[in-house]
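So, here's a batch of structures to check.
The two complexes that follow have chain A in common; it is paired with chain B in the first and with chain C in the second.
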Partner chain A sequence: MATNRMFRTCPSTGLVFHQPAERLMMANAVAAAVFLLFGGILAIMVVLTRWPAVHLLAADRFYQVLTGHGINMLIFWVIFFEIAVLYFCSSTLLKSRLATPGLAWAAFWLMVIGALINNYAVFWRDDSSVMMTSYAPMGAHWSFYLGLILFAVGALVACFVFFGTLVVAKSERTYVGSVPLVTFGAITAAIIAVFTIASGAIILIPTFLWSLGLISHIDPLMYHTIWWAFGHSSQQINVAAHIAVWYAIAAIVFGAKPLSERVSRSAFLLYILFLQLASAHHLLVDPGLSETWKIFNTSYAMYLAVLASMVHGLTVPGAIEAAQREKGYTHGLFEWLRKAPWGNPVFSGMFISLVGFGFLGGISGVMMGTLQLNTLIHNTLYVPGHFHATVVIGTSLAFMALTYFLIPTLFRREVMFPTIAKWQPYVFGLGMTGVALFLMAAGTLGVPRRDWDITGAGNAFPYSFPGSAFLMLGLAAISGLIAITGGAMYLLNTVGSVFFGKRIQTPDFQHVRAAEGVAPSPKPVAAAIGSYHPGGGGALVAPGTFILALVFLVSFVLYYFINWKYLATVWPMR
Partner chain B sequence: MSAIEPPVQRVWWKQPLDRAELLWIILALAWCLIMFFMMPYWHLYGKQDLGSEAYRMSPDDYAKLTEAMVTKYKVREEGGDQKVPVVHPPAGSDVYLIARLWSWYPILELESGKTYRLHLESMDYLHGFSLQPENINIEVVPGYDRVLTITPEHPGTYGLVCNEYCGIGHSTMTSRLYVVK
Partner chain C sequence: MAHATDIDAAPEEEIPEEPIPAMQQLLDNPFLLLFLGVVIPTVFYLIWGVMEILSIPLIK
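This part shows the complex of A and B:
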């Protein structure tokens, strides 16, 4: 078989890059950054309109811009980056050639074209301000759905390139034994992605045909249910992907090894087992579904997926702690954390992502997903507050942190503004924490999401929200501007470094083309070093992390029951 | 070996757990189960639970039922140019509320401490029933008549806000609900 094997070994990390894979990773990461830029510009307009004191845009523009913000951020930025992560976790980590780079390019272009068509519908045609959820019977132009479908097909093809690469690596024996944990996490994400895209096809294709007039009716409840089988499962992809990135960064920065492979891998497996139940927590206040169904599904069969996240929340910092202690930071409970490289954005970004995801996103998410408690916050700003903690602090910041590692290794450029890079995770993380908290606070006060104006000016029967709600919106907007500054710092640095940064030369790098004969596969590395502990017994390997985990659990329990207490004061209903 | 390299033990699923991990898994699992059982518990013994009573009903039929209620129990009209009837149905009766682009119809006047069967249905898109400042938020779907047995408390004027995005007039879709002694 005449395959094109062109490999490069990164001199500083020892990672092995297959050149076609490398190009694809770069293309996908750059596309991701472009959509982040676009979504970020839209974010400025969103926050400035929701700040009652500024109220920037007219109603129609606001809904258009919000539709675009949601889609370009949550779908295009995140998924393009995830595809790059998938290629990295398969080709690079397994030291394998990428299966079918041609197909991977086709996937890339399909995604680009899909994203452009969708934005054309929203911004150029200006007749598709239906939000990313596009709940039928509210309809968009057919090109809106077509764009999303093409994008999804592209992403699906990319997933299959990923699976193909796993097969190639296995059959060409580029590694010994099982795949690394990070790759395992990526496999989880890709499996979930296939399920997700299938649900997306089931709902978007009929809706597309409906928008063309070929189907006469779409049941709104059916749409709501299946759309969220797609919409929420895709968040499960994000979680699996960014947790894989956490593990990767812990390994890269600290050389951390998992406390136990069994626990971490089983936790990933739980995600796969229960992901298809996820749609339910969006339907808790919908009619027509039984309570038993809602309870079982919203809890992912007794919260086993939550359990999985709680496990990762312990094992990722736990692995870091164990590695740090091995290096001699053994003083007290937290020396390992105090002496961590807080000036390295790869680490600080990852750690803020972990803490923000757990404390803000995780706790609020479980609260909202509780059958009866959902009534308190459904469709209020609490919901965007929650998911800016999960998908922005969690997923996006983890990806940003990884980028600082990829600039020198993948793009072979020096980071152009190291000082900006050093502060960026803090600015972005702090701003986003404010956005998440203040949006949640406004939501608790009843302020609706996706609402152009809460003053009710001009309405026959206006409702005046309390002054505190206006205050929260103002604070959310100011935090939003800080976060946007953090986003701009990231983009400035990545674009600057990738296109104009100082090149890092790799010694001995030469292209080997198929025509000149096939280069040998890189040699498999022999496994060495055992795990931290020969097996149970003795003191805990990560006592500090364990204390932090207990703090988390206590906050979780308190917050959870405070909400029940609040619910108990609401009008009785059955 | 670190997490980006293959595990040392091929058979990773037989690797022993760390004690901290085991302890944490037990704690977390216990907490997950508590959270899980809170829902059926509250469903059985709590006072606030939406229940799942709902029927398929065409918007036209639903509008007829609403109109019948309005003619029977209308007490006055409110609002400037567009008059909206205020209805005061008897305790225990079926009370209908319509959500449509971009208004609520009619305005309900309910008695504090009395129980009503409140029906909700949309005539067109999805809408969101959001009662403020009580903060009760319910999805309103076309074609589904959802019934809620509700006991208003604390007399006063409540705001009714649509919180499911329903197009350009979304934020004008506000109304009120009276609770009287």
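This part shows the complex of A and C:
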């Protein structure tokens, strides 16, 4: 079909942008940053309240702020950014027009309105401090659920715009054969998103009706089970999306090709088939569900998804090593890593994300997903420690790193404060590593999550934690403030560059006949990120990565068995 | 197998005639993947879990 469309080609990268898709990417990315800003301000108050020496907020205000922090960060910030990533991976990488831009705008506004309504319920109505999980029978105002439903419907529509764009690209032959690996990762994220949002609808719509008095009651266990198919799977969208971003950045910065397309795609397939089942680890201590259901979904299915994560953890740095060695960095095992562009925030952010996600989030996630070990840390601060490693170091930092690439290519602006950008991933990564480690340490000592006052002061049954627990909380708070500083550095640079940065003059949009192709032969970046490499980047020419993988495996095994030993010491039967 | 994303680089006459492996066909079909990615967790997590909850005897 020969249709005239508005496209532009980035002169430095060769990436092709469709005008409506570009505007939608910008809108979703800006919305993401706005909710990150709001969630970040709330994070200051959460941190300063859980710091026992400060204890800033009163109890009711703390639970309200914690509710808003969780939803704005875990749902609104990441999903808005992920929608931008989906449009980038479909329209831009496939050089295709975006399917139904009007519908995509409707999806965007539904998400914005839903997010605003939800925040209205939490902050303006002041009667919906039910945490992100909003466990029934603890009820919120109906607008709380309505906001989430509208947001979810908008995100679902955006996912189908993404799938529609894949159809358009194939039918208009903007590519032939297989989609690029990065787009395949985005397909994985979108598939998980469809299951996630459908599960959310299954449980949130009746809960909404219950809040209106149209349904007499919601069974708590049923709510718990179905809600986690939404609540945890939403974080699995993040995993698939940020791993797609890792592959993208490896291609952007190094021109790296995957070590093996087949292996990487098979790993994404394991995510598609099994990653959502890991939601069951939230129910490992719930009554009513059999051990068979729990163990199948976690210790069998989840481990296949963990295997996929370990594959990605090997192949992404392996691809970088192979690319670096091709450039001549062949001395010893780690010259490729020492000579990597550590001053480039696109790379440093991505690499810190990879290491933090693997060592902190991955290992702790496997521990939590083991039925017996889970009892050590269930509903303790260990859980927020874990997901600050996966979602914040893993996902948020990867998205931040990608932003530094998108500012000049998508927004066509120069980065306003390059020195701040250079240091930002380190400040944010270091701070958030401290948050994750110290929260997990406090959780190991039994400190509960979501608790305004762990001492239970004034209660009939106060509890006395060891002094080390308070030390861990204090260190977590200090680390949190460092991470918040890193987040502020990111937002300062992002907002400053996008709205006030120096404009980069590039050829503007022009009508292009789709049937004639929408771009000239790709430049190196576009060729690396937007192509299928059937043979991969080469055989295993990454000995340094292999050593790093062995270090990871030793850490993994040691930590796993230390926890079994720890479990043996707390077992009440002697 | 010759795969590319740039139509300039892969004109139609270069598309191979050899059969595409089944695994490749699966990975190249996003809607089949979508079907699997929704059905498997729906069966093993949601339906199985809900059936177990519904089978809990009610107090009399």
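In the analysis below, the second predicted complex is superposed on the first by the 528 of 574 C-alpha atoms of A that agree within 3 Å, B and C clash if a C-alpha of one lies under 4 Å from a C-alpha of the other, contacts with A are read in each partner's own complex, and residues count from 1 in each chain.
As a convention for this text, contacts are C-beta pairs under 8 Å (C-beta built on N, C-alpha and C of every residue); 3 or more make two chains touch, one makes a residue touch a chain.
Keep in mind that this is a model prediction, so the values were computed, not measured.
When both complexes are overlaid on chain A, the residue A:Y175 reaches chain B and chain C alike.
When the two structures are aligned on the shared chain, A:L221 is found in touch with chain B and with chain C.
In the superposed model, more residues of chain A are touched by B than by the other of chain B and chain C. Once the two complexes are laid over each other on the shared chain, residue contacts for A:P52 go to neither chain B nor chain C. Of the two partner chains placed by the overlay, chain B and chain C both lie in contact with A:S290. Of the two partner chains placed around the shared chain by superposition, neither chain B nor chain C is touched by A:G164. Legend: residue contacts after superposition of the two complexes on their common chain; A:L93 is shown touching both chain B and chain C.
Once chain A of one complex is fitted onto chain A of the other, the partner contacts of A:V194 are limited to chain C, with no touch recorded for chain B. Look at A:L273: by the touch rule set out above, it reaches chain C but stays clear of chain B.
In the superposition on chain A, A:R265 makes contact with both chain B and chain C.
Shared contact residues of chain A, touching chain B in one structure and chain C in the other: 93, 175-180, 219, 221, 265, 283, 288-290, 527, 530-532.
Per the touch definition, chain B reaches chain A in the complex via residues 1-10, 12-21, 23-25, 27-29, 31-33, 35-36, 38-40, 42-43, 46-52, 54, 56, 78-80, 82, 84, 107, 120, 124-126, 128, 130, 132-139, 141-146, 148-153, 159-168, 170-172, 174-176. Against chain C, in their complex, chain A makes its touches with residues 93-95, 163, 166, 173-180, 184, 187-188, 190-192, 194-195, 198-199, 202, 219, 221-222, 225-226, 229, 233, 265, 269, 272-274, 276-277, 279-280, 283, 288-290, 293, 296-297, 301, 517, 519-522, 527, 530-532, 534.
The touching residues of chain A, counted against chain B in their complex, run 59-60, 63, 93, 129, 131, 135, 137-138, 175-182, 219-221, 224, 247-248, 250-252, 255-266, 283, 285-291, 294-295, 298-299, 302-304, 306-307, 310-311, 314-315, 318-319, 366, 370-372, 374-380, 444-446, 448-454, 456, 458-466, 525, 527-533, 535-537, 540-543, 545-546, 549, 553, 556-557, 560, 564, 567-568, 570-574. Only residues 1-10, 12, 15, 24, 26-28, 30-31, 33-34, 36-38, 40-42, 44-46, 48-50, 52-53, 56 of chain C touch chain A when the two sit together in their complex.
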